[in-house]
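Each of the next two complexes has chain A plus one other chain: chain B in the first, chain C in the second.
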Partner chain A sequence: MSERLLEVTDLRTTFRTVTGSVPAVGGVSFDLKANETLGIVGESGSGKTVLARTIMGLQPRTNVEVTGSVLLNGHQVVGASERTMRTMWATEVAMVFQDPMTSLNPVMRIGRQIDETLRVRLGMDRRAAHDRALELLTMVGIPSAQSRYRAYPTELSGGMRQRVVIATALACSPKLLIADEPTTGLDVTIQAQILNLLDSLKQQLSMSVILITHDLGVVATRASRIIVMYAGRIVEMGDTRDIFYHHRMPYTRALLESSPKVTNTPHTRLAVIPGRPPNLSTPHPGCPFAPRCAYATERCHVEAPTLVAASAPGHRFACWNPLTETDHPEAR
Partner chain B sequence: MSDERRPLLKVRDLTVTFGKGAHAVSAVAGVSFDIYEGETLGLVGESGCGKSTTGKALMKILTPSSGTVELDGVDITHQRGRALRHARTRMQMIFQDPISSLNPRRRVRGIVAEPLDAWKTVTGEQRDRLVDELLNQVGIDPEVYGDRYARQFSGGQCQRISIARALAMRPQFLICDEVVSALDVSVQAQILNLLEDLKAEYGLTLLFIAHDLAVVKNISDRVAVMYLGRIGEIGPSEVLYEAPAHPYTKFLLGAALEADPESATTGAVLEGEPPSPLDPPSGCRFRSRCPYATERCAIEEPVLTEVAPGHQVACHFPFIAQ
Partner chain C sequence: MLKYVLRRLIMLVGIVFIISVGSFYLIHLLPGDPATVILGTGASPANRAILYKQLGLNKPIIEQYFVWIGNVLHGNLGTSFISQTSVASTIRAAYPIDLELIFLSQVLAFAAAIPLAMRSARKPNGLLDRLLSAGSFTLLSIPPFIIIVLLVLIVSIKLGVANTGPSSFVSFTSNWRVNLTSLALPSITLATASFVLYFRVLRSDMIATLQEEFITMARSKGLSQRRIMWRHAFRPSSVALLGTAGVNIGGLLAGGFVVQYLLGIPGLGYTLISAIASSDYLLVQGIVLVVSVGVVLINFFFDFLTSLVDPRISRE
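On to the complex of A and B.
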């Protein structure tokens, strides 16, 4: 087992709003090994993006309370000043956001945006940065990088823009890349290209990747481990195969069953999770999924389950009435 | 196979061109298909391929530059004024972004009642009853939510309200343009099931436009695949998904991600991006990305040809099961 690159312990991110405090991330612990791809899956509002931004140290200081610990390659992120974070951004950790158009400066040529990172972070001179930027553009598969270097973001397609964002993120060879919904909004053929690119860059640069998505299909074949989030908490985590074939938490199963499959025959009735995700500003003492869960008992409504170990190593789930192995018709 | 069924909608050589002269873009460049009564036709393709433009041209939200659209045997392409307004009561469209398709400052009942008020087909009392019935059918409790404002609802609920509004005039034909792509999977499943229920109840015919291949397979009887303004392949869903005949369909399906760790990712990935519709390739529009393209593909544009009953492909070298 290789060393731990990232250790997150009891991380809580709470937003203070006029209507009360919202625990967007409510006590999350996990770790990440070097050169590993971890998938974080959840619906909108489950806290996956807030978690990623907290790990990046991107949360604003006002009206946000962050407690717990995030150890990134030995550096504590929680409570670190922006000055300290600046030394870690780009070189230790970098992030790719969902919408490439908003991550890029629309009035700056794309080459300059990559140059900027190299010159500021690595202190390269103009010429060296230029050459390295061209190299990066070629590495992320942008054809005729020389001419694209002078293009503005609006002149590129969505897929190309996302490649530029990836090039910028990788400019200073970070040890951890957090990709937050990197392919949402892209066409399937482009999505496949970007995911393949991330995979090969991960190998090439031997970095770790956290892949955040709402789409189980994205992580199924790309991540070695998966974390399922619901209402700001981890409800199940484990090796990808355990999550797909031996999940114990009813929410994980509901998520898997409600996504339509290409192999379904037309007019297949989809399994539905009734109701909607909970409103986090009104605290609920029990399991956050209990109001929507078919297996919920009285206990689920009053006492929140904690993560407990399943039979497979590293597989943990938070549920009072977990599914048993026999509940898995698709288990192999 | 489906020849004995009655086409509700006949689209012939539909072209929609934006702009003029050198800047003219044919977003839809000669598309022909039928939609049979009571079926769901899925329309898939990447962004910019003309799926939404096709949907809008059928509704005459956009004016086709040539071609015809026949609804129930009546050519609506050249209709205008009152006749067109009448035709539009029989077809409705639901859009991708449920929140922006509703006026945030109007109450739910008012939104759903709008078509009824515009046509004044029912009395006030009937109208109120009908609105409550529609809301109940889409799973919005009118007693609780009827007088709330549209801005107070989530995306999934807004989509339900849009569906109720679309059904108010009891249309025969419903165009769903990416109606679930902005929703979470759990909500997406609720809306897809709801559409299936309402389709049966109202005897609807659906055109389901989406980019998500799994969603389309789950809801459609037949599927049409568009690329750069043209239909590349059309056929029964199961045939098309199991034995795609057009190389583009094959690549598209290969790129679709299965929520299964054992699904193969080794499928060949389509290189490059669709070319600009401003300057489409000569001959077959897919040839610039097609690994099987030959000289013939550059010269001669393939036309939709039947390879099996109900299964048509526009390719000089289709994959056909021996």
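On to the complex of A and C.
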């Protein structure tokens, strides 16, 4: 068994707003081994991005309360000062941001944006940083890196920009890469390219990856384990096969059914999840998914289910009325 | 980039042409015969004849314009009939004072506004930010002619610092120390209004920029706060600042008159007011032309700076 790179225990991130406190992440525990890819899946507003930023210690400090524990390669992130985090960012953990249109500085040449990490964090001199930046640009598949080095972000396409963001994140060889919906802002054809690139870089650089997405299809072949989040909590987690073929939580099924399949006949109506994600600022005693769940009973509305173990090792779910293990029409 | 500058240059030529037509027509806009306007009602027929010949007043107006613009392009703005001196030489003597005043006041304004705005923006609504916002509002509400009077009263009269009062002006080249001390108070006065403007513009843009995703990304690279503020946030936040500065400096060139007049500093503003008072219309015309072209040039220069700071502007 390889060592644990990341251990998250009962992590809670609460935003204090004028209308009350919002528990964006409400008690999340999981761990991640070295060289593992973990998928985190959920709808918009399920707390995926907040969770990612909390793990990285990137959350703004004002009006946010973080409790619990995040052990990253033995270092505690929760409560660490910005100064401490600065020594971990880029070298221990780095992030690929969601939208490459906004995550690169529009008035800085892309080469400089990669350079400065190398110079500030690794103490490289101008020449060495320049050469390394060119290597990184080539590594992420940017053609004629030499001339692109001097380009401004607006001169590149979205896919190229996301490659630059990836190159920047990988500059100091982080042990953990968090990719927060890295393909949401991109064309479908580019999406696969970027995901395959992340995959091959992960092998090449032997790092761990947390891949955050709302699309189960994205993580299907890439993650070894998947966490399904809803309303800031983990509702099901397990090996990728178990999540796809033996899921127990109705929400996981709803997510699976709402993504189109190649085998569908034309004009098949896509299943949608009725209702909308809950408003987290008004506390709800029961299961947060209950109002939208076809299987909900009286109990679901008054008592919140906790994660319990399923038959497969590491497979856990939070549901009072779980689907039976055989009740999986789409199991192939 | 080159194309952008060329296009702006063509526009510049067009605007300068319109300005020249406007200043030329100024004399003809005034009621009565242009010769009477320029010479005054008591002019002798001989003088009127000379003027008619000099300006070609009996020719059609379009031809008059070309005679006039031809002279202007050769640096000849005519000779004032009031002071019997060439308008061009009067302007040449006055404009360096305006440039010096503007330069000094802007250096002061930027030197104070930039670091304070950066600090303020780091903690919006923090103690420093609230103090500075309140302070800048107070400064904004005091007009420059009050500030200058207060400054003269306190610094020159109460504290007795020499050479800061009215009418003590000497040029920079003849005695730079006296020159700087005599320009200190008007520079500070002009700087206060500019400071408030720049501080507020940069502060709000900095606050907006610091919310941007690329700032979070810069943080996630482990860069220091200082580096993020200056290397990542300042440049994209300074576009509006430069635009404001262009308009503001143009305004100072055209509107720094009050302070000059109150302190007897013989810049273009002072000269213009005296020229109006003595009905020296050729001099008025010359100053209006020079100041307008100056304003346009300053704005062109700042547009150019803006396109250097933000490469997206020249690309469109």
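Keep in mind that, in the parts below, the second predicted complex is superposed on the first by the 330 of 332 C-alpha atoms of A that agree within 3 Å, B and C clash if a C-alpha of one lies under 4 Å from a C-alpha of the other, contacts with A are read in each partner's own complex, and residues count from 1 in each chain.
Note that contacts are C-beta pairs under 8 Å (C-beta built on N, C-alpha and C of every residue); 3 or more make two chains touch, one makes a residue touch a chain.
It should be emphasised that the depicted structure is a prediction, and the values quoted were computed from it without experimental measurement.
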item	value
Clash or fit (per the criteria above) of chain B with chain C on chain A	fit
Touching partner for A:104 - first (chain B), second (chain C), both, neither	second
Chain B versus chain C as contact partner of A:8, first or second or both or neither	neither
Partner chain in contact with A:255 - chain B first, chain C second, else both or neither	first
Partner chain(s) touched by A:207 [first = chain B, second = chain C, both, neither]	neither
First (chain B), second (chain C), both or neither touched by A:187	first
Which superposed partner A:117 touches (first chain B, second chain C, both, neither)	second
Shortest CA-CA distance in Å separating chain B from chain C in the superposed model	13
Contact residues common to both interfaces of chain A (with chain B and with chain C)	none
Chain C to chain A touching residues, read off their complex	212-214, 216-225, 227, 231-232, 235-236, 309-312, 315
Residue numbers on chain A that touch chain B, as the complex places them	43-44, 157-160, 187-193, 196, 214-218, 220-221, 240-241, 244-245, 254-256, 258-273, 276-277, 332
Parts of chain A lying in touch with chain C, wherever the complex brings them together	56, 58, 82, 85-91, 94-95, 97, 99, 102-108, 116-117, 120-121, 152, 154, 165, 168-169, 171-172
Touch list for chain B against partner chain A, complex	40, 46-47, 154, 156, 184-190, 192-193, 196, 211-215, 217-221, 237-238, 241, 251-263, 265, 269-271, 273
